[in-house]
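We call the chains A, B, C, D, E, F, G and H, going by the order they appear; numbering starts again at 1 in every chain.
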Amino acid sequence: MRSEKLIQKVLRGVRNEKIGLAKASDILKGLPSLDLEFANIDCGRYARCGFPEVIYCEGKTVGQIRRIAKEMFTNEGLLLLTRLSAPAYRSLKKTFPLLRYNKLGRVAYYTKKKPQIKNEKAVLIITGGTSDIPVAEEARATLEMMGNKVNALYDVGVAGIHRLLNRMEHFDGAGVIIVIAGMEGALASVVGGLVSKPIIAVPTSCGYGANFKGIAPLLTMLNSCAPGVAVVNIDNGFGAAYMANLINNSG
Amino acid sequence: MRSEKLIQKVLRGVRNEKIGLAKASDILKGLPSLDLEFANIDCGRYARCGFPEVIYCEGKTVGQIRRIAKEMFTNEGLLLLTRLSAPAYRSLKKTFPLLRYNKLGRVAYYTKKKPQIKNEKAVLIITGGTSDIPVAEEARATLEMMGNKVNALYDVGVAGIHRLLNRMEHFDGAGVIIVIAGMEGALASVVGGLVSKPIIAVPTSCGYGANFKGIAPLLTMLNSCAPGVAVVNIDNGFGAAYMANLINNSG
Amino acid sequence: MRSEKLIQKVLRGVRNEKIGLAKASDILKGLPSLDLEFANIDCGRYARCGFPEVIYCEGKTVGQIRRIAKEMFTNEGLLLLTRLSAPAYRSLKKTFPLLRYNKLGRVAYYTKKKPQIKNEKAVLIITGGTSDIPVAEEARATLEMMGNKVNALYDVGVAGIHRLLNRMEHFDGAGVIIVIAGMEGALASVVGGLVSKPIIAVPTSCGYGANFKGIAPLLTMLNSCAPGVAVVNIDNGFGAAYMANLINNSG
Amino acid sequence: MRSEKLIQKVLRGVRNEKIGLAKASDILKGLPSLDLEFANIDCGRYARCGFPEVIYCEGKTVGQIRRIAKEMFTNEGLLLLTRLSAPAYRSLKKTFPLLRYNKLGRVAYYTKKKPQIKNEKAVLIITGGTSDIPVAEEARATLEMMGNKVNALYDVGVAGIHRLLNRMEHFDGAGVIIVIAGMEGALASVVGGLVSKPIIAVPTSCGYGANFKGIAPLLTMLNSCAPGVAVVNIDNGFGAAYMANLINNSG
Amino acid sequence: MRSEKLIQKVLRGVRNEKIGLAKASDILKGLPSLDLEFANIDCGRYARCGFPEVIYCEGKTVGQIRRIAKEMFTNEGLLLLTRLSAPAYRSLKKTFPLLRYNKLGRVAYYTKKKPQIKNEKAVLIITGGTSDIPVAEEARATLEMMGNKVNALYDVGVAGIHRLLNRMEHFDGAGVIIVIAGMEGALASVVGGLVSKPIIAVPTSCGYGANFKGIAPLLTMLNSCAPGVAVVNIDNGFGAAYMANLINNSG
Amino acid sequence: MRSEKLIQKVLRGVRNEKIGLAKASDILKGLPSLDLEFANIDCGRYARCGFPEVIYCEGKTVGQIRRIAKEMFTNEGLLLLTRLSAPAYRSLKKTFPLLRYNKLGRVAYYTKKKPQIKNEKAVLIITGGTSDIPVAEEARATLEMMGNKVNALYDVGVAGIHRLLNRMEHFDGAGVIIVIAGMEGALASVVGGLVSKPIIAVPTSCGYGANFKGIAPLLTMLNSCAPGVAVVNIDNGFGAAYMANLINNSG
Amino acid sequence: MRSEKLIQKVLRGVRNEKIGLAKASDILKGLPSLDLEFANIDCGRYARCGFPEVIYCEGKTVGQIRRIAKEMFTNEGLLLLTRLSAPAYRSLKKTFPLLRYNKLGRVAYYTKKKPQIKNEKAVLIITGGTSDIPVAEEARATLEMMGNKVNALYDVGVAGIHRLLNRMEHFDGAGVIIVIAGMEGALASVVGGLVSKPIIAVPTSCGYGANFKGIAPLLTMLNSCAPGVAVVNIDNGFGAAYMANLINNSG
Amino acid sequence: MRSEKLIQKVLRGVRNEKIGLAKASDILKGLPSLDLEFANIDCGRYARCGFPEVIYCEGKTVGQIRRIAKEMFTNEGLLLLTRLSAPAYRSLKKTFPLLRYNKLGRVAYYTKKKPQIKNEKAVLIITGGTSDIPVAEEARATLEMMGNKVNALYDVGVAGIHRLLNRMEHFDGAGVIIVIAGMEGALASVVGGLVSKPIIAVPTSCGYGANFKGIAPLLTMLNSCAPGVAVVNIDNGFGAAYMANLINNSG
């Protein structure tokens, strides 16, 4: 039985007082995980965390991805695949003809129902440079699928800070801001000093030499002299989006 | 003139249509900073970021702290001092008799008006061990002063994970969760897999050997296999609280 | 003369009191190493350590591997080759038609006699994710060849910890547990807090960004707040299996 | 009610078939943790892991230690305190007159019943130098309290390897070997090549310059070219002993 | 013979054509160094590099400093002592009554003739915070002694960037800018994007946790996305000043 | 409207007193940035920093580079492209037939008017070895395009220091020196002890083993015992040239 | 004029008292370096250091190598090329038909006169494993060309230390020992404790995981608890040989 | 029986053909180590390595040092104690009235017979700065006790390289050179390019900021572009001296 339907059945049972609260909770939390040969799908994630498991495709064969995706879609009615290569997408498209793909962000998704915008406030995504855009697009696709308005300001790094200052009106409608920057990553501190919104900072591995594949902006963002900045892993656009969605819809 | 009063005057001018919106914004954003001999107080922080500048006391003399505090209090009507030693607190107490001190968290604060709880949802603070409590108390004092309900679960690390599982009802009333852990910092991932709330993770420098003064839990938290976790600097209880307040009151 | 036969001869001599204990020990420990052009095979390893030398294939040509394997097999009657590529395996198969290959774990082995299960207790292998399976299979093949029962729980990481908690009955029959995890590696601490069995933890290089090719889970596991956890090198499935076998059969 | 007595009661219930197995297990695993103001004592550790929680004293005041110790002793009937300073020991001695102290290892312990030797096989502790002895003594005291025979070979590092080779008879009676070394930590590899016993390696922070407070021997031990070696945290004598006890008594 | 007088004599010889150019150069470059018991004073530094050797006092006794200072002063007619503690200064003051001391910067200096301002353009020193001021004062004292105008903007970090933007007129009169910042060090990139002047960036060890004693701002500054920024060692106010003086007077 | 023409118009307006100074400055600093789909060209860089934005080509497609280059050239009348591969250059050449390419330095540039030498003093570029030449050529091309005389001494590292000492006459005509070295990077300290000119040091990733891709010479140069040395990022020939140009033309 | 002939002419001049000692020394030390387009050959190296410059081929084109080699051979009458690929060797062979190549060590050399053994004592090269042999062969070829007897013990690492102990007679005839090891590098300490000969230790990048491309054995060797061990760069077989030759022929 | 006398007896036995060579070797190598409570003195070190064990005093109590020293002196007739504090020296002096102490180098030594100079060639010790002298004196005292001539050039770092070039005649009489430098450690490369003698390089922890307690000069020395340089641990003056003595007396 599919988890969505089970959940509805349980909830109806609760409304009708046929299922006690404690028991309902037990059922929901105890949703059996699905044991494939090589993966153990967490079917209770939706009940527990509000969003089903996401398929991280790096290091999996197309065959493995397809098999996990089938089970996930059967159970949850929606799919989110990250770090998916274009050839793998084209192959999966045959099984899921409606699967959509964000090529720059290497994210594919498919939902039975069109995502509903849950909040008038947007998530604003800002990048320091052009090379940070793939990480930004991974975040954008994830956020849109989760039902968020998304605005973006790309390539507005501190070397030409007026590009940012001239566009400060974009800050007003935002509930959360995601700042994505490589090289030295100073953009997060600067934005943090200008607004009173929670900022998720994503260091990227763009840069060379003493950038050390993202360590430099990672340290910069962790040490931000402006408060209101929290950091996710290097190049982790999905993680920033997931966190931003939790915040934007926590009200 | 004090910034709070100025702000009110400007806002009244706006309501009466005596001050245009653009001009009002300019005034508010252009609040002059106050130039002491050794510090340059950012008087526009409240207007821009919703909270006045905080005084980080490490490396400042009691004389410097007192002088900055006087100016801040005159302008903003509230004070928050972090990393304040007990002797320095006792000395400042003579100038600010109502200053309150959280000894474990080494935080002092004073507000003219009692902070109003702005949100029914609490911020839940969880620590892995007993040694993480000072960082947790720094966060708690900051949050309370900013008008948040705070709940705490101390010493519930993963070595005895039932201590956490038995108290999962605390998760329900929380709008944000702060997870504070040293040693290997695994607690953030575990909590991240159990709830659908934004989690702010704080690595601490508690531990020895390969803990490397907090690097081990920092890396653990950045790599959390559960999404919905963002990280602040090592031992940065204040930073976690500031971020949590922004999130909790962003609705 | 082959080391196995020599060992038997020496042991018979000891039983018949034809060889003194001291002398027997000297012979066994002094087994000459075999000097090939490019390798110096340690023929006394079996006598000294209970298992013959293992052939680590990375960086060796198929020709070198074949030559060492021939000598080893002639002397010891069994073969274990780790980090062996599939093409190299296919080539060796011509020389050793009965050689078996674990493709995921990249391990090949061949024993004259089928390995005898020496202990009713199993070794339980647990992985955090799907990408950790190759390391787990390297461990599994090594353990089976050494005569251990092996059970496995794959993809039960802490992001969905109920997948682990639901399967705790697997812990009961295990004498030793191997925990294999990449990303942040929190699984070892969690398991360590749940059981009273020795745990061998293997960090893997699966992950990205601040995972730093396995440094993050390595530090996590070394700092485990739960005791009863010891760590081997990153991705070292063979090393974990070797250690687990020593423990499982030490009774 | 004390956990030991509860356990006996539950076990009698099981024997009399008054308590089902599943329920008994639930009771044992669900032993409530004890919530002090600053600590959350894990009272189920004995049932779950075979040994009660250990009190790590670094960073705790004597008052905190005493309060935790009282609760622990009341519940479990035994006490193990690690990283305990001599003055703190003298103060605690007034409350627990029978508390014994290993000064070098900074470990104190007290058991109602004298520990029973559970296994004829000893744990052999080897150190590279004189400066590694405090870590060794932390391990020795822990092991003795847990009911193990302990033998020791101190200061037999590889700079004079005959000191080790001359004493190889000590290896024979050992079920597990703990190798403790600072500087470059080569001793673990050398011992690993000589015996067929599980080896727990403990890097120490003894050394200077490029020793980097234990990083050098830590890396050496993780990369040991001899298999059968697993590693615990730098200077973690207690952790090595805990693991060795699990192994020695796992048969 | 004192190096200054020797230099004048040589130069007169050149003017009178009594000393050939090549020989004069040889004499000047070959000025004998002065061999004390524990130091080897480089008496040719003035001729070669335009400024005599500077006495770095950390790790030297007051006796050693005094002896080197006497020789230096006799030869060069000026003295610059860096990292000089206040007690050492008070002791040296007895020997050099006119020695001046910058207490915050821990720099002492004495010149026979008052330094002449060599250039109308000032060196502008900017710090991110109050804790960076000691490094700034080390730079300021060095620059003034070398004959530069110095302006300073302290505590104008990016958390309140308007403090900097409001004072941009200070940039106009500057020939070189020194940017000193701890925490994340983003200030250098921001200034680099606003002006067309050479910027010397000095990371400071102010900060905590992932600041790693200045590594975070060091990496930030090396990776500055704005060009025109070069970096000196952590906390090296003297080095920045020396470089700035070379640039300011290179025209 | 092109930024150059706008600037001229504004300046004429200032001369004719038709535009006030404040307003002129506002116009110049507020030059709108140009928003392409994937980049946000900073059109005010020339007015603010004296040189237009430079196109860093690594990680951009030829299509993106061409589009940015067209806009830049239309606005600024000059082009500088760094880290440009030879195939990308050949493709761009079709659009910009006069584009010149420095193959070793992977730099292309095109200026409507031939660069005017602005200063009689040259920039001297010194490399330690042959492998450092690509970085040196990146610097040389940048400097020449910016209107500087350039001299070069290649392969004069400290292993044969007479190669440097024999050519010290090259130092005399230089206003700034760029020292480029890999391996251990000692050349910067040696040159710093010989001259009184500002030195920009560039560590390169040439070397192996403990060179760690440029970390060794980076640390060497930051710790230079000779003052007057400031450092840019590893392999950053462009950055060194940009800084050297600012210094050379700051008089 | 070729440096060898010049040297002979100078020496004859000295013998005939036609050239004073000081002048002779000046000439020899001042041998002009040879300025190619891309390299600056140090022709005085032989006079100064006893061996001409060696051509490190990594990162040079075959054309560059050939041109440098021609000049070197014309001047010095001998050639040593390290890190030379097999294809590059085959191409150079057409120009230098007598060039010999050590394929494993990737070293080519050619001397007009056959190297004379200068010392009865050999240099003994020991490796821990088979994968260390390329580094060992680089050392062997270098040593032989410089006129040293070379003995070798390959694959005698500490996992089977009897392989080393059984061959200790090889130590007797050696004047210097080169120990080459990857993984954990413990072999250097063990050999250092067994002999009274100078030991040059070479860490190699052979290993995986926490070997960190040679950092683990590098730290091991620097921290050797046995004295008499000095270390060269990771994988630097040539450097070890050069040092060993200096020592072996220093008597 | 004392090892020295035993050695003589064995050697006489060999001369008289009363003891076979193999047996003599066995006796000499098998000299029993002396088992104190806390140390295991290696009495065969003299026979095996040509010098008795040295007492490293850091981390030992005066009582432990005294007890080891007594045994050592009784057996070997000579004593070398490194890292010995002045108070500990004064206390030991009562037991060994003839013990001599090098205060700067913190080395004490005592030999029954005055050390004989074994070689006309000196060991030359060079330091970069004044702060490196304690490490140099540790080396000097060790070398003198082992019977070497020692020359020293202190404070001749590359910031004033003529101080070194002016003293190159000191190089001629040296058999080995020890180069000791902190900060960036460039001195080793420079000396390596000037002479044909083996160089032992010692990085020191003198410096600040990016010196990282000696890592900077350590990397510099390992990457030396001049061959003929091998490196010992940071601040390890004794290790350098031990190695230099082996080389100087290896002829």
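Operating definition for what follows: a contact is a pair of C-beta atoms (placed from the backbone, for glycine too) under 8 Å apart; a residue touches a chain by one contact, two chains touch by 3 or more.
Treat the numbers as computed from the prediction; the structure is a model and nothing was measured.
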{"item": "Touching both chain A and chain B (chains)", "value": "C, E"}
{"item": "If a chain touches chain B and chain F alike, it appears here", "value": "A, E"}
{"item": "Chain whose average C-alpha position is farthest from chain D's own", "value": "F"}
{"item": "Chain of greatest Cα-centre distance to chain H", "value": "A"}
{"item": "Type of chain D:chain H copy interface by residue overlap (half), same or different", "value": "different"}
{"item": "CA centroid of chain A to CA centroid of chain G, Å", "value": "55"}
{"item": "For chain D paired with chain G, centre-to-centre distance based on mean C-alpha positions, whole Å", "value": "49"}
{"item": "Separation of chain A from chain C, taking each centre as the mean of its C-alpha atoms, in whole Å", "value": "39"}
{"item": "Shared-contact residues (touching 2 or more other chains) in chain D", "value": "159-160, 193-194, 209-211, 218, 222-223, 227, 233-234"}
{"item": "Full enumeration of touching chain pairs", "value": "A-B, A-C, A-E, A-F, B-C, B-D, B-E, C-D, C-G, D-G, D-H, E-F, E-H, F-G, F-H, G-H"}
{"item": "Residue ranges of chain F touching chain G (in the complex, touch as defined)", "value": "130-131, 133, 153-156, 159-160, 162-163, 166, 206, 208-211"}
{"item": "Complex contact set, residues of chain E against chain F", "value": "48-51, 54, 175-176, 193-198, 200, 218, 222-223, 227-234, 238-240, 242-243, 246-248, 250-251"}
{"item": "Chain E residues within the chain A interface of the complex", "value": "128-129, 157-161, 183-186, 189-190, 192-194, 207, 209-212, 215-217, 219-227"}
{"item": "Residues of chain G that touch chain F when the two form their complex", "value": "29-30, 32-33, 38-40, 42, 44-45, 53, 58-60, 64, 203, 205, 214, 218, 233-236"}
